[in-house]
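See the structures that follow.
Shared between the two complexes below is chain A, which has chain B as its partner in the first and chain C in the second.
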Partner chain A sequence: MVVYNLYIFNRNGQCLFYREWLRRRPGTMTQEEEFKLMNGFMHSIKSFVQRLSPQDLKDGFVSFKTNCYKLNYYETATGVKFVLNTDNNVGNIRDILHQLYSTIFVNYIVKNPSCSATDIINTEQEIFIEKLDEFISNLSIFAQTNKA
Partner chain B sequence: MVVHSFYVINRSGGLIFSDEHFIPKIELEKTFSYPLDFVLKQGQKGVNVEFGQRDGIKVGHTILSINGVPVQGNFIDFSAPSTTANDDDQQISTSTSHDIISYLSDSTNYPVTIKFGRTRLNSNEKLILASMFHSMYAIACQLSPELNSSGIRELETDQFKLYCFQSITGIKFVALTDTRQANVDALLKRTYELYSDYALKNPFYSIDQPIWCPLFRQTVQQAMDLLEKTGSPYT
Partner chain C sequence: MSRTNVKQNLDARRVTQELFTLTYGAFVAQILNDYEHVDEVNKQLDKIGYNIGVRLIDDFLARNPNVGRCHDLRETADVLAKQGFKTYLGISPSITNWSPAGDEFSLLLDGNPLTEFVELPEGQGQKLSYNQIICGAIRGALEMVQLEVECRFVQDQLKGDNATELRVKFLKKLEDALPVGED
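Let's turn to the complex of A and B:
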């Protein structure tokens, strides 16, 4: 099983953080454009799902699958959005994304006085990146294939 | 386990067939005294609850009727003969109609009985959502981290799942089911067969136009019933 990449957006739609562990397809656009597209995409999926749903939604949009990847989505009540791309064999990883938020993001970004939770996380936040990498590579869904 | 609805989207994102198989009716009627415990807001399709969930009334629910009289968009007319619920939600404002928000903010009109509920999608909204899905399908390939990705096959929320099957000719078959329904891919394959048999072989059908063939609708409904009952869309 494979973990491809992670996007974190704030509630204004700015991309706070991007990290990739594996990416076979080179981007066809600049990274800036890709972040905007991804954010707009998530926004339209959310409103699409809201209007289409036959019942009242609680969590709303959870994930979607194509033939080769699965996009997992988690949004906190404060509007921080996590988008994690994995391969198709991964089940529901909502609690993993929640854990990522509560143990990594809150501990190393929100509790860090030198950076703000609404600003772009720059590369100087080494401890955050280090802990994130450690967290992701310890996941059962992050297997050998990822390192190949 | 239920199939909620089924849609066919053509190559350019137009909705050419839709069938609502089972959509639960969410409606709640209650009598209120002044002042109301929740905040109402004028929306596109009528007056919505914006804040203050209680007793099953959720944020996003729309006012359907007041004192048993159905509303018309943002207005209500108590003197008019009760009109049948219209599908296209025209906003009619006549000399005898009241604006709902100002009517409900007048304490002399209380107690008042209000019926809340989720509104069904009208045909216009379905067209919008279909073309929205068409572009979302394309963006999902663009944002893929992996080579040669298709578009969205399966979209999951906590209340329903959406399955999409795109034929080689570019027609999308989309089914909305509850989260536990299995074998939806077989249903979509089956509807593709039905589409080729009953829609395409019909001499009066022109391609990419809405499908009106009664046999197609009938057999699609049969396939959905079968899937719900036996777990397979084939007889």
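Let's turn to the complex of A and C:
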């Protein structure tokens, strides 16, 4: 199983952070455009899922799969959005994404007085990036990312 | 062996709470020194509380993964009193005095850890809203989950009232920002 990349968006739709571990095919647009596209897409799919659901949704939009990757989505009540792309064999990783929020994002961004949950995370936040890499690479779903 | 450990842990928690109470006291005293008008001090405490609340909400949600978005104010009041206050101040205020429209409620605080060892000075000091930081924190935290509220103390034991009553009024639901070109 493989972890490809991660996007974090704030409540205003700004991309706070992007990290990739494995991406064989580079994007065909600028990164900034890609962030906007991703955010717009997440927004649309959320409202699509909500409107078409035949019954009340508990969690709303959680993930989708294509024939070659799976996109996992987690949004907190404060509007921070996590998008993690993995390969298709990964099951439900909601707990993992919550953990990523509670142990990494909250501890190293929210609790850092020089950062805030709505500002772009710049490369000076080494501790955040380090802990994030450590967290992701310790996941069982990461096991084959390097080999793949 | 284990008995003494338990005792040590309890003491440690006690010390932390006293440290917190006294730190807050020192802090209020400093602000009182810095500003001439008590009204201005109240405003500053509220502002500081707001800035704390804005961050605290993420910590709260991280610790309580089961708390999702609330569907009505009653649910919000419940989470606030039973989980929010419990987590950060170690007390569970009771929820009373619902307005008929259900958009306003009171929290009755007893055993407020902030006001231990505190007595307000005579004169100007009587106008000080010592707990104002709590109002700011609630306002900031709820704003982050799309709820605009107004918070104020309507009764205060430090001012000789029988209870400490915090009134929370729901103003409006804030809307999510839309990406450009979406509706």
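Assume the second predicted complex is superposed on the first by the 144 of 148 C-alpha atoms of A that agree within 3 Å, B and C clash if a C-alpha of one lies under 4 Å from a C-alpha of the other, contacts with A are read in each partner's own complex, and residues count from 1 in each chain.
In this text, contacts are C-beta pairs under 8 Å (C-beta built on N, C-alpha and C of every residue); 3 or more make two chains touch, one makes a residue touch a chain.
Since this is a predicted model, take the numbers as computed values, not measurements.
**Q** With both complexes superposed on chain A, which partner does A:R23 reach: first (chain B), second (chain C), both or neither?
**A** first
**Q** Counting residues of chain A touched by each partner, does chain B or chain C come out ahead?
**A** B
**Q** Which partner chains sit in contact with A:N39 here, chain B, chain C, both or neither? Use first/second/both/neither.
**A** Touch status of A:N39: second partner only.
**Q** If you stack the two complexes on chain A, which partner ends up touching A:P54: first (chain B), second (chain C), both, or neither?
**A** Touch status of A:P54: first partner only.
**Q** State whether A:H98 touches chain B only (first), chain C only (second), both chains, or neither.
**A** The answer is second: A:H98 touches chain C but not chain B.
**Q** Look at A:N85 in the shared chain and tell me whether it touches chain B only, chain C only, both, or neither; answer first, second, both or neither.
**A** first
**Q** In the overlay, answer first, second, both or neither for which of chain B and chain C A:Q31 touches.
**A** neither
**Q** Please work out whether A:S137 is in contact with chain B alone, chain C alone, both, or neither, and reply first, second, both or neither.
**A** After superposition on chain A, A:S137 lies in contact with neither partner.
**Q** Just chain B (first), just chain C (second), both, or neither: which does A:Y69 touch?
**A** A:Y69 sits against chain B, while chain C stays out of touch.
**Q** Let me test your reading of the model: by the given contact rule, A:N5 touches which partner, first (chain B), second (chain C), both or neither?
**A** first
**Q** For chain A, give the residues common to its interface with chain B and its interface with chain C.
**A** 44
**Q** For a test of understanding, state which residues of chain B touch chain A in their complex under the given definition.
**A** Per the touch definition, chain B meets chain A at residues 4-5, 23-24, 26, 58, 60, 118, 121, 125, 129, 132-133, 135-136, 139-160, 162, 176.
**Q** Can you list the residues on chain A that touch chain B in the complex?
**A** Contact set of chain A toward chain B: 4-5, 20, 22-25, 28, 34, 37-38, 41, 44-45, 48-69, 71, 85, 87.
**Q** For a test of understanding, state which residues of chain A touch chain C in their complex under the given definition.
**A** Residue positions touching the partner: 11-13, 36, 39-40, 43-44, 76-80, 98, 101-103, 105-106, 110-111, 116-117.
**Q** For a test of understanding, state which residues of chain C touch chain A in their complex under the given definition.
**A** 54-55, 57-59, 61-63, 65, 67-69, 144-146, 176-179, 181-182
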